[in-house]
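Sharing a structure, written as structure tokens. Questions coming.
Naming follows writing order (A, B and C), and every chain is counted from residue 1.
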Amino acid sequence: MEQLLGPWPLRFSRLPMFPLFDLAHYTASVLSLREQRGAVEVSYQSPIACWFSAMLYCFGGSILSSLMMGEPPVAFLANTTSVLLASLVWYLIFYSPHDLAYCCSAFLPIRLMVAGMKEVTRTWKITGGIAHAHSHYKNAWLVMIAVGWARGAGGGLISNFEQLVRGVWKPETNELLKMSYPVKISLIGSVLFTMQHASYLPIEKHNLMFFYTIFLVVTKVAMMLTLCSTSPFAPLERTLAYILFGWQPADSRGKSEAKVPHNGASSADRTIGGETSDSSRKRHSKKTE
Amino acid sequence: MEQLLGPWPLRFSRLPMFPLFDLAHYTASVLSLREQRGAVEVSYQSPIACWFSAMLYCFGGSILSSLMMGEPPVAFLANTTSVLLASLVWYLIFYSPHDLAYCCSAFLPIRLMVAGMKEVTRTWKITGGIAHAHSHYKNAWLVMIAVGWARGAGGGLISNFEQLVRGVWKPETNELLKMSYPVKISLIGSVLFTMQHASYLPIEKHNLMFFYTIFLVVTKVAMMLTLCSTSPFAPLERTLAYILFGWQPADSRGKSEAKVPHNGASSADRTIGGETSDSSRKRHSKKTE
Amino acid sequence: MEQLLGPWPLRFSRLPMFPLFDLAHYTASVLSLREQRGAVEVSYQSPIACWFSAMLYCFGGSILSSLMMGEPPVAFLANTTSVLLASLVWYLIFYSPHDLAYCCSAFLPIRLMVAGMKEVTRTWKITGGIAHAHSHYKNAWLVMIAVGWARGAGGGLISNFEQLVRGVWKPETNELLKMSYPVKISLIGSVLFTMQHASYLPIEKHNLMFFYTIFLVVTKVAMMLTLCSTSPFAPLERTLAYILFGWQPADSRGKSEAKVPHNGASSADRTIGGETSDSSRKRHSKKTE
């Protein structure tokens, strides 16, 4: 493999993230914040809440991993340049006249490039998190996986609290109950890099970084182009779950799922008359997509 | 007393918790998680959320006390053996074929033994927490009580956030508003051991551990056998509360309790018919007092 | 200016906060807790939850800034004298016979004095927070502003979680979405003192402390006497917001505000008639983008 690819993986693994890739990460993050329901209203009502929300999107992984390691979660603010860059992106995307910046960055080719570059930063974050955890806990591979995952998936894992900043509270779901694809792939990446770090994988780090990043970018771009949001691991997951957890077949699972959100306050209100069957049918169809 | 009991308390205080007592603690914790409403559905829908929930049940005290002491809350993951043991218990209790492991451990005699052994670990956790707090803050007895309590009652005190992992949110109650018996007895134990540590109690540490543990185990087993959940301290509490806080008699207290959960979101739905004007009038008059 | 005021600002800046000003801060904090809806009921139902809530009101700034700096949030408990003083104030205001202590401290002249003295402690807290942040992160002015703000506004910024202790949960609002005047003025103070610290302001520290405190006290007392709660910065804010964020005029802003709280739990109840299908269709199309 070394002969086939030449020095590319090694050179790739030395790519500096600042400023171009970081910029892409901030742009993609703020874009996805802006497309949350209600975010634009919040940006006019309270720019500070909106800015804080944007920072949680951009630096969520760093904040979460700091909290997990008992370090100051405000440490990211000490890197003034990054924060100012992210704030500039936030300002342009939310407040530029005639939504110029937003329309530009939402233009498909630019969006694809930005999303691809953001995925590159994910690899760097995961390996950074693992190295950081390793420097504190020697050979504690569970800590390494957890911190690598937190830093790679960051914004997603704390989404409940990020929403709370904007006055939105959805306790009935979170990224652990219903993992999104980026959170899932970050977990897999974190496991892979931790195994590589512990020398369980017969591959060098720069090669793994190269292949993992290419996989990330390709699947991300493919999912954006095909408008499909099902994880490419779905069949693998289903088999694994069947072996490990003896999952019931899909229809009985659907039944048990419908009973899940035992949220004291609201579950009773939602199921009214014929609506239940209808909405659950929709949910099913969404899942089987 | 020393003559009466001989070397037993001292020997008892040197009992190693790992692996038998820890195993019992994990079993009792995962059993009580499994018996939460909706937990089984979550275990099929998202094994990761279920596993995380189980870890919060098993290591909640350690996580909470780490957070309180500004230490890495992921530190418990560094003890790989314990985490693997707890995960094994979680796996067996939730996913074993025909619920074999669950039915076995829910068999009353086994359950009693497991519950009794879990109570033994509580003593060790409280004294461990107090010693840890003391090593950071000399003679800060409030910190010692708080950390000892957090480690002893752990899972209970963070139950709101543990539930959130499973998509359940019950803001109208928490362990501070309505203390369960284990949380209460942990607080009392933490106060006692802190007083012993500061030499305010004329008793040696191993004797106090011995008697406190016996009290814990006996009351726990008695409460399980009689299916009674009222705390043995209820009369004492009532008297103390009457002296300290001038509590109203039980019936008027019951009335005020019913009015408590002023949860913004749902309070409007609860007031039906003529009740609204009545309760709001009362509230107004209370404010103008 | 130095000649005009003589040695007063310098002497003022050396005022010790303990015990008189701290006492006033605890009194004002516990008073404002007691006037929260439902607080009195909680005080009878669960004195511990009430006490914990009162501590969050009194030491909220210290707890929040400790969390932000990765330090033990229980550190405030190590200062036993302060905690006992705050607990005494809490006990008297909630449980004194015939509400004597509450009625006394709610008497307008006393209340004005207490509120004025509480504002003095705010200046000390902000400068303390900034100095503390500076000792950890040299010249990271964003960290200094954040920690100074957190310590100055403390109780307010964590109000959502303070309410949760009392069983109240209002996710649709928080101090970032709708800043109260004390939170706003703390932020401004934190920015000013950070600029002074970085020598961007041509004024000495004790002079700035003097003028800022006088401004705090005068506006606070004036707002209490005129029962007016609009910030004196409102016109400035509106102009600044118009320049920076191109805000719409007030009426269209009012409209967008009404649409903000997209709280998952209650959104279903709000969608009436044909609106549901429409908005859900939009949401679907957004997801498939």
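Everything that follows uses one rule, which is that a residue touches a chain if its C-beta (ideal position, glycine included) is under 8 Å from a C-beta of that chain, and two chains touch if they have at least 3 such contacts.
Keep in mind the model is a prediction, meaning the values are calculated, not measured.
A.B. asks: Which category does the touching pattern between chains fall into here: line, ring, star, complete, or other?
C.D. replies: complete
A.B. asks: Mind checking chain B against chain C and telling me if their interface is mostly the same residue numbers on each side, over half, or mostly different?
C.D. replies: Different residues, largely: of all residue numbers at this interface, under half are found in both copies.
A.B. asks: Using mean CA coordinates as chain centres, what's the gap between chain B and chain C in Å?
C.D. replies: 32
A.B. asks: Please set out, as single numbers or ranges, the residues of chain A touching at least two other chains.
C.D. replies: 70, 169, 171-173, 263, 265, 269
A.B. asks: Within their complex, state which residues of chain C touch chain A.
C.D. replies: Answer in residue numbers: 67-70, 136-137, 140-143, 146-147, 160, 169, 171-174, 176-179, 241, 244-248, 253, 256-257, 259-266, 268-269, 283, 286-289.
A.B. asks: Any idea which chain A residues touch chain C in the complex?
C.D. replies: Touch residues, chain A against chain C: 35, 37-38, 41-49, 52, 66, 70-75, 77-78, 80, 83, 94-95, 97, 164-173, 227, 229, 263, 265-266, 269-270.
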